[in-house]
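Okay, handing you the structure first.
When the chains are written out, they are named A, B, C and D in that same order, and each has its own residue count from 1.
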């Protein structure tokens, strides 16, 4: 197989094609609402790339998506479908928020405490679902949907407690202490012209991507989790405790969901509002995982891409274009990725290659 | 006692109100799942149904035409899902997730194109799904209040139970139902008996989109009378949960939907009483109760054996 | 042989010069087959010779690349099973095509359901099913669910399914694979009553004894090529065998005399339940010593699966003990048993034996992935794992050799089994449990597996062999225990064993 | 390795797309206001210097919330239609974390005035206003930024309009029982309830007010259930302040043949025969005023109170269902509020006759 052919048949190339077609479909819908696609996409991309500040915003927007994407990707690789990332994100945010408001601790220590609390809360949320599955055989997709909503109202309940609640009239918590924030040093932000919310979050995301990669590909723990994911019976035959593996996989996945919430809160959020609707971070994480084909590096890049499109897409309002076009584009992209194996870019007719 | 009768009436009213859209969607989900295709795109299909129903009814003034078009719109997206997963063997979860992003996006963008707003124009009473017994029962005594509340629900709610009976009949008493269930359990056996597995599954997925679309239309053409982006927020997933709860049987899904509706009604009744409980905690009731009931009474459900697995014809 | 039913003037099925290619692979290469009315025609060939491919074309599962199929002398195009059914061809697949949660009746009528208006007419269906049953003496409860009935019963359902469709020609694909000798006898009886009724049967098998016992003619296929069609009465088993394999085959297994040593496995009064919670082990006791092979003979469903699952830690026992080298492993996790000397070749290699999406290397370390040298401080040492696998592949002749990092899924069945054997034997445990170790393997692979089992015994391991193949039990075992209804119903030494006695005991009969 | 190369390729691709994007952008600058406003701004292009750019940031309700976001945007659109020198646009916030970045986007695009809709944006507005002292801001429903020199706080005496619809409800009820459904417990939402109850009691001291908090702005069945419950318990007029949940309230009222009272906008179209009136909050007037002030150079920071006196709050213009008696009572109440003889309470504590259950 020639190099060119290899590229043409790679999953990556297919993803690129999917993205291009996604934009084409988006363009059709823009035409329907009587907006010039060229103008809209110009706005979209100029909003992303116009200056270091907008770029840094894209990164800030991408950070929780990457981490959630890793959480979902990890679950995919270990044979569960973490549709509960939304709930883990919410409880993680809230745990970090409570610690960030109430615990008196110095800088550096406090963010670590917040993130640890978030990881613990997210992991707990994952373990509850795992426990229901292991103990009573309750379908995890069902309980995750339920626990997403329970997390939603739990967060609202906590945010409304007098000790946490904003003193002003905003329906939100107090801001977390300055010391809890993980923002980049002010001097860096000013000299590089970044946005004020630029934080260490992306570094945390990168570290987690590496951690996930190592766990999945390099460790005996990852081996046992994957074995259970691929073939529970054989794994048990081989002496792997499948129930324990399911719990561990959901705990790790949940912990990452929680950390995603914490980095978002300690970077850009500062506080948690009383929700009126689900924020859909969980589903956006699923998208990031799918674009990245559940591969940690792929998820990192996929998350960055999605974060940028999300940020740039929201700016479409400025020229009167509906920002929902982004959903059309991303939906189309995911749909095409799902069927991308039928695009067969071959230079000449040949027997089916080993490309998955 | 009077209070009890009143509350009971309200509970039944609320249960029916919440159940109708969920149950349409849940029956849709049943079709798809038992034939072996996981359809988490129900939520998106409900959203386009909700939008299309409200829009067609607004322009034609005919609620039933709107209702049917809502189903067809849901079916159009189901067809996409079907082509991807059945014809091309795409991952069913991925395709469903894509539908959940694509469908609401298309609905809202189209709304903006037509109405220059993400909301549709409210329907006037004649283009809404009617209530069948409006004005039959007068209020006054507790029992007449009770009757009035119980029977003040929409035609679409009565229809959902008719549809349920039909669906149950199709599932368990017809040739198609037997074949469709067989396709979800052992597609290869079906193929060996000359049953066209792909076509059967495709029909089921299309039906699932149709019913999900009807469920969405229930929200926008009955309970409220316009489409808004918040019209469908999670009902599709609750419907899927109800199906798993009901062990992939339409009658079981009905129990799941009724339970969920009852709890939602209970929330309002308790919240209106003098009990001083945080409204946030009350709002959790439907979700917590569902999990508890699962633990206590339902437990493990038998997932159709071939559910989620693409069937590749041997050639 | 009951050749008097054959009507040589009526050719019910003719296949001419059939070629079937899958990509570059030629599965059938110019095969001819003629089946007459009332005839039992065996198709003999090793696993992978192309028998099932040929029959799937006749049954319309996929069309031939070239060649012609004639039914009653008329050329037909069979591109889906419905057409084949319409032409009077029925097929009983080796892996039953039955929907487990459905009832017997539902399964039989599926695809040809009688209806009254739009409603299924289940009363008529039940009546039809009953009629067919009575006509061919195939009694069975029409309302039982498939998942609740035995394999033998399921096969009857499959046969009735074909008859219900008006099959004139019945294809039976490896029908005896999981039947007891008595059930096989019954099946042959049923086959004869079918031919007496004017039906024709195509019997796909690699078991020579059955061909001799039932078939009128036999067509031999080797490596996708047509070899010959012979009249069964004119040839011996050995003739058939050499035609099938293309060389001389030795059926006897060389085995030095047993040197039984210490007791390794001591199962005492074992009780257990099956997946439905019904008691299936009712006080079973067996003992296996070093250097001996204990064969467990029995019909599927008498508790042997559960027994093995309990010994390997996959299932909880409700009572009794399983001592391995003196340690009770009952109700302990699988790893506990493994650490105390249990290794096993599971019955279902794709379900229990291998993680098909894992590479061969990853499969090789399924039990000891967490131990040195494969893993150091929780980090896998891919180099060590690769080397270990490469060595094992050389030693156990696992092909292709460059498949170390390729998914186990890509290997052939025989090589998959070799991976499992390599892994379990390399683990070097005192006890080796082998459950149906040669199921679905071709002759060469079977010889190979048998060789390794004997070798383990000779090295002083205790071997527990559970198999539904009586021949295998009889040729390998030093001692044989027969399991019936959750208990050992009889024992004998390997050289005392004969098929009749064993068969009787397997069916619950007492032997004096 | 293959994947790595592929990723690099992707980055290059993205960057090249960007390059096209930015070069295009320069040419689309004039047309950048989109369709709704293009024609008007095109006309004003000759006098480029005079263009006043007004950007509005919604809260998480989005621009079509049928509440203050929507009225604000409609006000701005109307303004741009009548005066081409205005160029208006909005940015929707999807989550609480979007406020700051949305405000910054408008700052970066040199908007003259940034209108932040809702008290949830107070923190973000304060931060942005402090960091950009030359940028003019307006914020709706928040008074906490009144100390800043560049923020106009547009406050609404929503209790006054609620009071007026309360007067209507108090007169309209025959059963002496009225209902109030709200979508969330918050100071701002509570003001609706307090004003309403005061209004009811002012004309009908015997009346009972039933209340329920659905705890959602998107739960139409919940609104229906709550309203039906109230109707069963005797209510014959129900006021809601609950966004999309309110659709269910109005629906249940129509189904049971009792009156509903809408909020924020004139909700009569939802059920013309049953929506008695609506408590209007003229956010559209307010945003137009402040935008014009920017154009005229008369922008002032600090609190701008919109109440009955300046038409900031009112009852809906659709008055088909109101009796003359009601209209007279409303006029009387209006006069009272205007001359100060009626002071509408804003917190539950000020209504001793009645405890607002939802407000504790």
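Criterion: a contact is a pair of C-beta atoms (placed from the backbone, for glycine too) under 8 Å apart; a residue touches a chain by one contact, two chains touch by 3 or more.
On a predicted model such as this, the values are computed, not experimentally measured, just so you know.
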{"item": "Contact-richer chain pair [A-B vs A-C]", "value": "A-B"}
{"item": "Whole-Å gap between the CA centroids of subunit A and subunit B", "value": "28"}
{"item": "Where subunit A and subunit C are represented by their mean Cα positions, the distance between them in whole Å", "value": "47"}
{"item": "Interchain centroid distance [CA atoms averaged], subunit A/subunit D, Å", "value": "32"}
{"item": "Where subunit A touches two or more other chains, by residue", "value": "34, 156, 160, 277"}
{"item": "Contacts with two or more other chains, residues of subunit B listed in rising order", "value": "118, 230, 233, 280, 283"}
{"item": "Multi-chain contact residues (two or more partners), subunit D", "value": "36, 63, 185, 215-218"}
{"item": "Complete list of chain pairs which touch one another", "value": "A-B, A-C, A-D, B-C, B-D"}
{"item": "Residue numbers on subunit D that touch subunit A, as the complex places them", "value": "2-7, 9-11, 13-15, 17-18, 20-22, 24-25, 28, 31-37, 55, 60-61, 63, 89-92, 94-98, 100-102, 104-105, 108-109, 119-120, 122-123, 127, 131, 142, 144, 183-188, 215-218"}
{"item": "Subunit D-touching residues of subunit B, taken from the complex the two chains share", "value": "6, 9-10, 13-14, 17-18, 116-119, 121-122, 124-125, 131, 134-135, 139, 145, 148-149, 152, 219, 223-226, 228-231, 233, 264-265, 267-269, 271-272, 279-280, 282-283"}
{"item": "Residue ranges of subunit B in contact with subunit A within the complex", "value": "40, 80, 84-85, 88-91, 93-95, 97-106, 108-110, 112-113, 118, 230, 233-234, 237-238, 240-241, 244-245, 278, 280-281, 283-284, 286-288, 290-291, 294-295, 298-301, 303"}
{"item": "Complex contacts: residues of subunit A adjacent to subunit D", "value": "6-7, 10-13, 15-16, 34-36, 38-39, 41-51, 53-54, 57, 60-61, 156, 160, 168-172, 175, 195-197, 264, 268-274, 276-277, 279, 295, 297-298, 301, 305, 308, 311, 314-315, 317-321, 323"}
{"item": "Subunit C to subunit A touching residues, read off their complex", "value": "23-24, 312-314, 333-335, 338, 344, 346, 351-358, 362, 365-367, 369-370, 374-375, 378-380"}
